[in-house]
Amino acid sequence: MFRGSGRLVTCAIIIALATGAYADEARRALVLSSDFGTTERFVASMKGVALGVDAGLQVHDLTHHIEPFNVWQASYMLAGTIDYWPGGTVFVSVVDPGVGTNRRSVVAKTGTGHYVVTPDNGSLTLVADKQGVVELREIDETINRRPGSEDSHTFHGRDVYAYTGARLAAGVIAYDEVGPLLEPNIVRLRYQQPKRLDDDAVIGSIAHIEMPFGNVVTNIPKSLVDELGHLPEDGATVTVEIAHAGRPVFEQRIAYVPSFGYVDQGAPLLYSDSLQTIGLAVNSGNFARQFRVAAGADWTIRVARSSARE
Amino acid sequence: MFRGSGRLVTCAIIIALATGAYADEARRALVLSSDFGTTERFVASMKGVALGVDAGLQVHDLTHHIEPFNVWQASYMLAGTIDYWPGGTVFVSVVDPGVGTNRRSVVAKTGTGHYVVTPDNGSLTLVADKQGVVELREIDETINRRPGSEDSHTFHGRDVYAYTGARLAAGVIAYDEVGPLLEPNIVRLRYQQPKRLDDDAVIGSIAHIEMPFGNVVTNIPKSLVDELGHLPEDGATVTVEIAHAGRPVFEQRIAYVPSFGYVDQGAPLLYSDSLQTIGLAVNSGNFARQFRVAAGADWTIRVARSSARE
Amino acid sequence: MFRGSGRLVTCAIIIALATGAYADEARRALVLSSDFGTTERFVASMKGVALGVDAGLQVHDLTHHIEPFNVWQASYMLAGTIDYWPGGTVFVSVVDPGVGTNRRSVVAKTGTGHYVVTPDNGSLTLVADKQGVVELREIDETINRRPGSEDSHTFHGRDVYAYTGARLAAGVIAYDEVGPLLEPNIVRLRYQQPKRLDDDAVIGSIAHIEMPFGNVVTNIPKSLVDELGHLPEDGATVTVEIAHAGRPVFEQRIAYVPSFGYVDQGAPLLYSDSLQTIGLAVNSGNFARQFRVAAGADWTIRVARSSARE
């Protein structure tokens, strides 16, 4: 009898320990991005709230140096990083110019099995196009909001997003406990998809300016330029036009070459980067600063065959 | 006999594991702040020392971009962050212009159940006022100092503070093993507490400049301005005077409004921020830079009723 | 029979748990350094890959603000940080101007029991001189490369170094599974070792410029200057000459004093820092900027006795 109950106790302890071990397995990383910078205390407040949910959570930074209010950049950072993290990782993205207005707070489940907690203000645009959004839920703030934060209206990054993200990452809530299911129609920033315009030209948009070098990252795959009959190895000259909100900003004939050193120092060049995507740079210079070019949904780029305008 | 001892062994192992589990529960996060920046290797050295104490410790950054030697700012960062972290969290704050002198090294226990490891040079000022300091101990460096660091006199952040903080966070030492109990009379920076001056004016100090926008954070609660008969919704004009060490720096009549967009671009405004505290900003501008205003114990601000000086 | 097997099961579970505990003990921290900055998504991609190897890994930053392509600085950061981290810690250092060329990818085991994963391009120079390189292995990319990254040629930091470092830190591979053993002949940046030149002068190199103050850190131990017959307490004047790639950049007679306040504001001084190494500074100023001095293998400094050139 005693012996039997002794074994029961043993089993109970073992089960408790094993449960702890399983809980640990279920725990996923939480990855924060924002436009808060790292000088102020905002990021640390978000992390404190997350660790208050689960003291053992892995909390990491994607970047907090997104340009203030630049939702496009928030989207670019997410879409370019998600694939390198384990499935189940929870991303919290807070670039939130509309905090306090009635934009929705959502958690998206991607086609790659990751989660993104964010205001639905366009930050999911490139994620939807790259990883896909397979399910979308609105955060039910009656449940998923930091206790005691009801009177705070200006820091949802801490009170709603970090808190909900941490609960999901820690396994305190399952995805379907985030809140009601929505049609996966996220707010999308409209931008120029890369495409062949005609026999002579392709068009796309400027996805990003890579700092500190000021190189321009487009969304045009090298394969589209191949179709124009140009390969970097040929060193041909192409005509590049850049427009902002339809207004011309840049137009030049420049060399399409394998890498920077193929043109003179200070000269612009078109090249294909490591992801087989078309980019613009200045050899030993800064293309974006020199030609006052930025990135975003309203920046388009057109590349035309060297013979096209002759 | 054998069976009995077998069970004893089993129990011993289980107890060992359970103890491990408990130890894990007892482990608290360690949160570092300093004026070291993140370019040099100083923060990484502190973290290495902390993980040498306990390889499983959660070590996080509050910020390392405190203005060099600005003890006031160290204090502001602590007081504004502590509440968002779980009870028991150990904060290490190292802004230490007096390193090598005989300022005391202490660990404060706050009224909120957090710990702050710091030189006692004023960095606890705002913590004492907000969270409260309920117990204060001097670090006994004969015990709580990184072994082998006896000849190093210039990096207590690593050798004393990170090391002691990590031991406390990891549960290697209990709080009463930090060192001898002190009267909780911390070194205080003297600053203007917010108060009603007379029927027409309130006075307080500039607590912080919020970067990168240059907004001025005061310590004057909105409720004090309410008492002057002004509400943001009324859009009244008030007279704001700012002085540094008693010398006038700024005096203007400006609008007291609900938010930035209520005044012209480039115009200054007084408003009530998310914590119901009075702030100053320039719509689409930078108040601190434009009017050469900074934050600290010696910066005072006076807000007078619109009718007061007419 | 049942009882016996029951105990066997119990033991198996306990062993499994105990193994888990041991595995946790075997897990070492992973510490990343690079010239990537923290604005872009590169560091986060490396961390995602590392946590994909082992979700429980401790991943920390040394610094990501090394000057772009400055291999010397990468080396300085490693050599100055390693000793403060627990034995077994795995450092990943990625300053890689030669990415895509045939420079070797290696993991060095130091005399202090730490590991450094890096392109062998000079980044181990100061580690070899300070901690020592006792064993060197080339990374076998047929095994130790992120699955699916075969077509990526420009981000070995993520695909090879972070991945291999994480596997080593997590105990997924042992050190001898990194790849084939190499002769420990690392690529060395040649620099001026500190030495006595003659009765009147010592010579060495500029190891680092400490930011943001612009103080010059040399590799000359105070003891060498002692041999010239000068102690800081004497406040003597010495002649300091600095050359870059053999070309003179700076020559002045300056005071050798215990600390900054011993000279006028704006005046340069020679002093002995916390590591008993000779440094140069300007009281309340920035030596490096004022005199256009930088750090690196090709920067030498000569200190001569005050009487030597009279």
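Just a few scattered comments:
Chains here go by letter, A, B and C, matching the order in which they are written, and residues are numbered from 1 within each.
Note that in this section contacts are C-beta pairs under 8 Å (C-beta built on N, C-alpha and C of every residue); 3 or more make two chains touch, one makes a residue touch a chain.
Source: prediction; values computed, not measured.
Note: Cα superposition of chain A onto chain C, rotation of 120 degrees, nearest 5.
Homomeric contact chain B/chain C is classed as different-residue, with under half of its interface positions used by both copies.
Taking each chain's centre as the average of its CA atoms, chain B and chain C sit 31 Å apart.
Of all residues in chain B, those that touch two or more other chains are 10, 14, 17, 38. Contact residues of chain C toward chain A in the complex are 6, 10, 13-14, 17, 20, 37-41, 44-45, 47-49, 51-52, 55-56, 59, 68, 152-155, 158.
For chain A in complex with chain C, the residues that touch the partner chain are 7, 10-11, 14, 17-18, 21, 24, 27-29, 31, 38, 58, 60-65, 77, 80-81, 84-86, 89, 210-212, 273-274.
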